[in-house]
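Quick one: this structure, given as structure tokens, is what I'll be asking you about.
By written order: A, B, C and D. Residues from 1 in each chain.
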Amino acid sequence: MINKVVVTAAEAVADIFDGAKIMIGGFGEAGSPIELIHALIDQGAKNLTVISNNTGNGHVGLAALIENLQVKKMICSFPRTAQSVVFPELYAKGMIELELVPQGTLAERIRAGGAGIPAFYTPTTIGTPLAEGKEIRHIDGKSYVLEYALKADFALIKCKTADRYGNLLYNKTARNFGPIMCMAAKTSIVQTSSLVEPGEIDPENVVTPGIFVKRVVKISNPLSENQLLRENRRYPW
Amino acid sequence: MINKVVVTAAEAVADIFDGAKIMIGGFGEAGSPIELIHALIDQGAKNLTVISNNTGNGHVGLAALIENLQVKKMICSFPRTAQSVVFPELYAKGMIELELVPQGTLAERIRAGGAGIPAFYTPTTIGTPLAEGKEIRHIDGKSYVLEYALKADFALIKCKTADRYGNLLYNKTARNFGPIMCMAAKTSIVQTSSLVEPGEIDPENVVTPGIFVKRVVKISNPLSENQLLRENRRYPW
Amino acid sequence: MVNIKGWSNDEIARKIAIDIPDGSYVNLGIGLPELVAANIPEGKEIIFHTENGLLGVGPPPPPGQEDDELINAGKKPVTAIPGACFFHHADSFAMIRGGHIDYCVLGAFQVSESGDLANWSTGELNAIPAVGGAMDLVAGVPNIFIIMQHITKTGQPKIVRQCTYPLTGRQVVKTIYTNLAVIDVTPHGLEVREIHSGMDRETLQNLTEASLSFRS
Amino acid sequence: MVNIKGWSNDEIARKIAIDIPDGSYVNLGIGLPELVAANIPEGKEIIFHTENGLLGVGPPPPPGQEDDELINAGKKPVTAIPGACFFHHADSFAMIRGGHIDYCVLGAFQVSESGDLANWSTGELNAIPAVGGAMDLVAGVPNIFIIMQHITKTGQPKIVRQCTYPLTGRQVVKTIYTNLAVIDVTPHGLEVREIHSGMDRETLQNLTEASLSFRS
């Protein structure tokens, strides 16, 4: 029987290795798999390359992972937000690398990684410093840059509802990068608030088909990053 | 107020012009927008380029459009099926052109057309006659062919449920090419069995967001192609 | 420096809201552009897109009813209108890059006379670069409107011959809405469509590095 | 020509079903390959994918309960298991091209000793070319199994040195299951893993153009 459910977040992230490339879902707080990230902090893997839209807030979740010096390099579109303090400090000290990618190109590179498309052309960044050094091609009178697929060893994703096959539903704008990161990672690890029987999710409504998911962990009441920020919490606590 | 509903199929296809490029949804009978195609036969536009996975069955729907000599060229992956008689005959006589595209490349080219990606690399067809004459590129030790996006002036699509914004739900495997063709056509025309108020479709479950749809026509009880084939019907009747 | 304040931010946003046709799909940048949503004239239906995965953004929720997982690109809580839909990031940017979003309203550091836009980096050496979705928006959306103050806080022109800050995109801006004027970017250069009643042409030109023509 | 019939189609399909590991995602080609689904051993859970947009294909429906809009790639009516999901064609081929489908079982006109596959066209001049999803499947799925008769109806070998028909893909076949033998494509050529009890090595080699080695 196919059963992708593992019992604890610790078990789910146990095989993440030093130097791994990890996609982490979320757009700001929405969709950030905070329990899985904290489990990864406990686990301790180092020299990670993290692909995520932002760099975390305060001293919890992704920011705490960075603060714990487990991340060698960030690939993201917007590394500073109002409440992002850890990354800017380490970046200023030259202690963390950054590959800046426009948000749509980031999404498309991840989707390409999952879809077996090794590279594609896009109009985004043409005429800007971010196109420098990239191959440019003219198609039907317009210019485009060549961009390569992004893949990862692991993805850490948060969703709302899952079944044992790994079929997923998300919650509102917390969906964001979850579906495409599940596609692009060799081992997608998903935390879900609710676990249901196969068939309880209408087959017409499945957002992430189970084929893209390797492990599911139930986290019934995930922490709210905003709440933790208001309380000035730090992980590890 | 945004209201994409038009009353008749005739009205919905009225501005399709001679020489237009038209995507037509469906995989065999499933998802074939038979009423819209018949309206296009009544309307009479000629020299059409049709992008569709197959070439129709018997003498109704897409096959009838071809039989009526309105189609100059087919772009498809599988132009012959058990019940396809019209296309083979015209093709043998040199009366219709064919661009043969592997099914996954066809889907990805259509999706690229809708997503603003002008071209991409794919492993499909490498080492086969269908890669002849195409640009080949080596990426990370593997070979890929360059494929270009497909766009269209119109798309004719069948769905199950729609609202006045053009948000769509499909039925089972009749979904197939519908969502990506809606993305890739300038004017997407959709026939729906059921029309509901905005908000009646759960925003988490919308398959085609309304932004990709221009016109919606209600066809409450669409004809069954299989039924018409069993009855040996021909359009126009 | 001139002491004229010109139109309020809401008045500028209102002008944009009037210029966006009924039935348009619109993406609003973070900050000033967000004012456009509240200024849509009665009877006009505009669908707002936020690149983090929602088409049909509604007004902000009442206090206490915020949902951490229903936010806009600026990470502020929003609501969803009836008829809204959620989707993932690749689909969201397919809407943008594919030319399906009709209008996008953005802020700017600088706009050049040929419509070049600089709005993501002031090029300071130690600043952390952050681009978000701005470059995708200007590459994909056919109508880019800029909302901004006409000059910087220190009195420097923001409408310039050539941008000195790193570009977001080349020849992408269609119309600039400032507190002092509404200016179209045309093949023949910048053309002032409307000027604040407290302004004269000469003063406006003095506050603008690029040269302006005036619709008569 | 040899009169041995060898294994029945169901027996061949059963061998494939045994070789596919529990929990695999599998795509079955049209025709003979479809027999694999009915031959999965008790207790093994396999998820079947059909490229026209369904993961979790179930058995055929009872007569009279067919649904024209619930079909497989061969356009035959199917059912969907609990836990199935529907998706569009681009997502479906993302599963294939992206390497997410573990196994694919296909028919063949010819297989070469290096694992080249020809299964979409006999290259006849007046035939209408039709390729469907075959080239995508062999380009994307890591394990391609072939199910076929060992020789053609006219006695010609189908396992050849070089395919003479147009290729579907180069060096893509992993294992060939015929009515007479199970043959792995290895870096050292074709290696017979199992041979039908009514066959001897020499006869099998005589029915095979490519040269075979035998696992001792």
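Assorted remarks:
Keep this in mind: contacts are C-beta pairs under 8 Å (C-beta built on N, C-alpha and C of every residue); 3 or more make two chains touch, one makes a residue touch a chain.
Bear in mind the structure is a predicted one, so any value in this text is a computation, not a measurement.
Set against the Cα centre of subunit C, the chain with the most distant centre is D.
Spacing of subunit A relative to subunit B, judged by their CA centroids, is 34 angstrom.
One finds 29 Å separating the Cα centroids of subunit B and subunit D.
Contacts with at least two other chains are made by residues 80, 86-87, 90, 93, 96-97, 139-140 of subunit C.
For subunit B, residues touching at least two other chains, in rising order: 108, 111, 115-117, 122-123, 170, 172, 203-204, 207. Contacting chain pairs (ordered by label): A-B, A-C, A-D, B-C, B-D. Touching subunit C in their complex are the following residues of subunit A: 27-31, 53, 77-82, 87-88, 91-92, 98, 100-108, 110-111, 122-130, 170-180, 207, 224-226. Those residues of subunit D lying in contact with subunit B across their complex are 50-54, 67-72, 75, 80, 86-90, 92-93, 96-97, 116, 126, 128-136, 139-140, 166-171.
In the complex of the two chains, the subunit A residues touching subunit D come out as 1-2, 111, 113-117, 163-165, 167, 183, 197-199, 201, 203-204, 206, 209-212. Those residues of subunit C that touch subunit B in the complex are listed here as 22-23, 25, 45, 47, 49, 55-56, 80-87, 90-91, 93-101, 139-140.
Across the interface of their complex, subunit A is touched by residues 108, 112, 115-123, 137, 139-140, 142, 144, 148, 169-170, 172, 202-205, 207 of subunit B.
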